[in-house]
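Chains: A, B, C and D, in written order; residue numbering restarts at 1 for each.
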Amino acid sequence: MTRDLVTPYAKLRADTVARDRGLREKVTTLEAAADLIKDGEHVALGGCHMSRTPIAMLWALMRAKRKDLVVSRSIASTESDMLLAAGTTKHIITSWFSQGLIWGVSKVMRHHMEHKLARYEEWSHMSMGLRYRAGAMGIPFIPSRSMMGSDVSKELGADFKTMTCPFTGEEVVALPALNPDVAIIHVQRCDPYGNAQIDGLQFMDIDLAMAAKRVILTTERIVSNDFIRRTPDQTRIPFITVEAVVEVPMGCAPHECYGAYEPFFDHMDEYADITTKDPVKGMQDYLARYVYGPKTWSDMLSELGMEAVLDACRRGRSVYND
Amino acid sequence: MTRDLVTPYAKLRADTVARDRGLREKVTTLEAAADLIKDGEHVALGGCHMSRTPIAMLWALMRAKRKDLVVSRSIASTESDMLLAAGTTKHIITSWFSQGLIWGVSKVMRHHMEHKLARYEEWSHMSMGLRYRAGAMGIPFIPSRSMMGSDVSKELGADFKTMTCPFTGEEVVALPALNPDVAIIHVQRCDPYGNAQIDGLQFMDIDLAMAAKRVILTTERIVSNDFIRRTPDQTRIPFITVEAVVEVPMGCAPHECYGAYEPFFDHMDEYADITTKDPVKGMQDYLARYVYGPKTWSDMLSELGMEAVLDACRRGRSVYND
Amino acid sequence: MTKHQPKGATFTASELLAINAARLMTDGQTVFAGIGVPLLAATLAQHHACPHLTILFEGGVIGPKIVPGELPPSTNEQRCTRRAAMVLPITDVLLLLQRGYVDLGFMGGAQIDRYGNLNSSFIGGPENPKVRLPGTGGGNDISSLTNMIVAMKHEKRRFVEKVDFITSPGWIKGRDSRAKSGLPQGGMWRVVTDLAVMGFHEETREMTVLAMQAGVTREKVQENTGFALRFADKVEVAEPPRREELETLHHLDPDRRFTA
Amino acid sequence: MTKHQPKGATFTASELLAINAARLMTDGQTVFAGIGVPLLAATLAQHHACPHLTILFEGGVIGPKIVPGELPPSTNEQRCTRRAAMVLPITDVLLLLQRGYVDLGFMGGAQIDRYGNLNSSFIGGPENPKVRLPGTGGGNDISSLTNMIVAMKHEKRRFVEKVDFITSPGWIKGRDSRAKSGLPQGGMWRVVTDLAVMGFHEETREMTVLAMQAGVTREKVQENTGFALRFADKVEVAEPPRREELETLHHLDPDRRFTA
């Protein structure tokens, strides 16, 4: 499947016009939402690193055996390890990819990249953000001032370009807009139409929602439209961008959801152990136990354990009002 | 005073580095804040039309006889009439300039522009916003897709440029970044360091704060730093951008401040009558009575009348929770 | 304003414009609306055929619910945000146009010409203007980036051969001149007046009468137009305002601040 | 890790790095800090000479207050926002670098070379890497757009003649090659290790030893470096960690998750 680096404007507009953007209810299941994503599409993941990762939706995608997705994210972590091991993707676009500083370099990522089983396309963090932002704004490129002089830009070949400012004569980078086919974003709450509130760290999610051709929201809680309309200045993602809303409490576990639960640190230690010992077999065992085994998302949470769930929630609720 | 259309990057950075951006208290008076603005500087006004207009700060500037300012704003209204009549500015950069649809075209604006006493530099509304946004991002230009084919762009001469996207070959506009010397923004609340919350309509104020070389905040209320730190995701303007904080209750009167007071509609009707009858003499009488006459901002509010103040507040408090 | 009185119903020219414009909308559309007749038309449409219509305001609002009797005096005033789905920065709501999220833009203007170009900047041109008008606001952006409905009174001084200044581009000089100017998307779609509803010829992009208000003749429309109008092969007669449409307008604007 | 034991105080290499880096900061500065030693150093500085230092996190945080014993495991985790002045989107906090608001960036790296270029992408180069490392994250942006402090262990395999891959640009090939690459601003300022504190020669931009940790010889520094180091005309001896600095670090990281 060939893919334009930058979606031509006429196509971008045509794709948007083709969608039903009227106010309508979109509540559905993880399984039905997974059906909205086709093999080979470019899927951008909301959140960052191990925060507000839409794990439940990815769990459904892996179970549905979706394949050849291009996956982009600000920072990739264990969710992308899982997508690689499950065969869901062979191409990840991000700025940083590992479980996290305290757990060392991801052996799963290393295995796939060093054996050339997959491609890790590396852009700087700000460049990832600006590429989504340009996509969100409906412009084909946006100027910036990093990545010059580095090998990160050299690795990108013709996808990396510089240009001269027509006003100042300064040399700047022209970052190509990124318009994913789908953005999957987990939020603390949204209404049945997809008007979403996001507490705390926003990461790149607002730009992601506007840049993507369609948005799938998973949410800790579905609230009434009336609730949303009482504080419209708290809405972060407007319903017009959204194709599906799935209520999935604890939908980021074992990652965190701001103000709701912190990462399941003991589980993350266990994950690091398993995948460091054997990034292939360890990962397949992990997927068998946590992805393919449980029949429902609640079953998956049971696998993590009630005590771990309660502990993550206790820690997660004490953000800054304590 | 000649002025670069786009501030060269080296100068933009040097101006920022020269400022003390450490956490420090900045509470001062309207008069002292007015002294921070020099004749000839480019001052951008927060809010839009008759909403969150920093009238009290402009009142102090007019009383201080500041002159030759370049004034930019998303939409200009009676505050800009006043600045023209007071001789504070002869150059307004905006997208729309009048009191408001229901009051007709501003006779004061017409008088100054038709007699070539001042310049109204017209950009489209989105272009104004994107020019500030480019300034806020530290890039010298930003692509966009409006203003082509119109006479609005032709009037701008060499300040308006188009270019070819290096990826898609599409023709796009290159909007020049706008970095005002000063942004004056009125907010509902901020702390003594300048961390500001803005309820409801944000207009272009966040970009304005980041684009400007320094920011003067006026605020309905100064709150504690502790208050701000309890909900950091509600902070809209960070203290690092701010040079002065002035507490001025009703600081937008007779315009509105979201959630606090609506416009003083009877006064606005009166203003329209006065200025329509005689945009020169009428305006001078108006300035004498409301700007030069009152010794304090409270005296100015007394001139508007207690009943009018209470009525505007009653209407203003019923936004969307009623 | 002129009063028309068909079938016992009384209405103003503004009401006629609002009603005719409302009928041009389709349920589920996203409409960028200005204050006055545009907002009345969009709200009227929501009350009748288009309950799922989404209104956007330039001040930074998605999906407001207008409170009858409290029509906002500006798109930037807090009343615009009542019961809205989202409030966002001005630049971002305007960028929805550029991103392609908006089906229709809806505004007025001081002058319009054969190709649907609008002037809201200068009567008499920019060098020595007779009148300096308020300017583009979001008008240029809206008309550059989406399909347009314009509602205005049908007067010869407003419908001119060539506008003194193109504030908001229509079809520029007709045919493919708009696309060639860098605007491949959007364009002037309908002009609604107290005399007629007009579109633009598919190839030449000249203003073309599609329908006339009841009781209005071709001659009258042409007399009040400063250039030679085209007429569609079959010119419809617009259905007069229905009682329920007028009732909704009276309910929305009981003091007739915007419909006088 | 190596233990040094001057004057009865015990500390780890990480603690030594954090303390030496903290001393390089000036009160009132705005510092972009990574997790681990950088964050410890910035917080330590706040507790001693720099109470008005502002910390920025890549995850989107301005001015957090770190809770002792609850150091965040990532700059994107909610702990990073505790008592912060502002939480904002990632792209916007990174844009503060580009806008010129940041005085210092502070990070680690897997490899560094003579000109302060950092590699955190590939050991063995991109074609057939021996190790695929996590990548740039914000590192490239930070090092492109502001002045840099790097803290790392002083080992020959890390201090190399030429990095296998420039993830985060230092002075590139020395002299004016950085500015000529399109990066007129910022640049590598200090490298802090368990053996020395280094700067870069003003003209050639070669790494230059400015100070050595107490008890460390020139020979030892050179032995652990994969290229010929320059030494300043007068090489200082770094003051050993003070008891109060170590106490603050123990207070901040009582379980030694980041200072082991």
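By our rule, contacts are C-beta pairs under 8 Å (C-beta built on N, C-alpha and C of every residue); 3 or more make two chains touch, one makes a residue touch a chain.
Just so you know, these numbers come straight off a predicted model, no measurement behind them.
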Problem set entry | Chain whose average C-alpha position is farthest from subunit C's own | D
Seminar exercise, completed: If you tally C-beta contacts across B-D and across A-D, the winner is A-D
Problem set entry | Inter-chain centre distance, subunit B versus subunit D - centres from mean C-alpha coordinates, in Å | 41
Problem set entry | Whole-Å gap between the CA centroids of subunit B and subunit C | 29
Exercise. Between subunit A and subunit B, what is the separation of their C-alpha centroids in Å?
Worked result: 37
For this session: At least two other chains touched by the same residue of subunit A: list those residues.
Result: 9, 138-139, 144-145, 172, 200-202, 229, 232-233, 320
Problem set entry | Junction residues of subunit D, two or more chains touched | 61, 81, 83-84, 87-88, 95, 98
Problem set entry | Touching pairs among all chains present in the structure | A-B, A-C, A-D, B-C, B-D
For this session: Using the touch rule from the top, collect the residues of subunit D that touch subunit B in their complex.
Result: 27-30, 52-54, 61-63, 65, 81, 83-88, 95-96, 98-101, 103, 184-185
For this session: Report the residues of subunit C in contact with subunit B in the complex, numbered from low to high.
Result: 35-36, 58-61, 73-74, 76-84, 87-91, 94-95, 97-98, 121, 126, 129-141, 144-145, 165-169, 172, 177-178, 181-183, 257-258
Seminar exercise, completed: So, in the complex, the side of subunit A touching subunit C is made of residues 9-10, 12-13, 16-17, 20-24, 136-139, 193, 195, 210, 225, 228-229, 232-233, 235, 238-241
Problem set entry | Sites on subunit A touched by subunit D in the complex | 48-51, 74-75, 94-98, 100-102, 105-106, 109-110, 113-114, 120, 122-127, 129-130, 132-133, 144-152, 155, 162, 171-173, 200-207, 256, 258-259, 262-263, 265, 316, 319-320
Seminar exercise, completed: The residues of subunit A that touch subunit B in their complex are 5-6, 8-9, 138-145, 161, 163, 165-168, 170, 172, 174, 176-177, 199-202, 229-233, 320-321
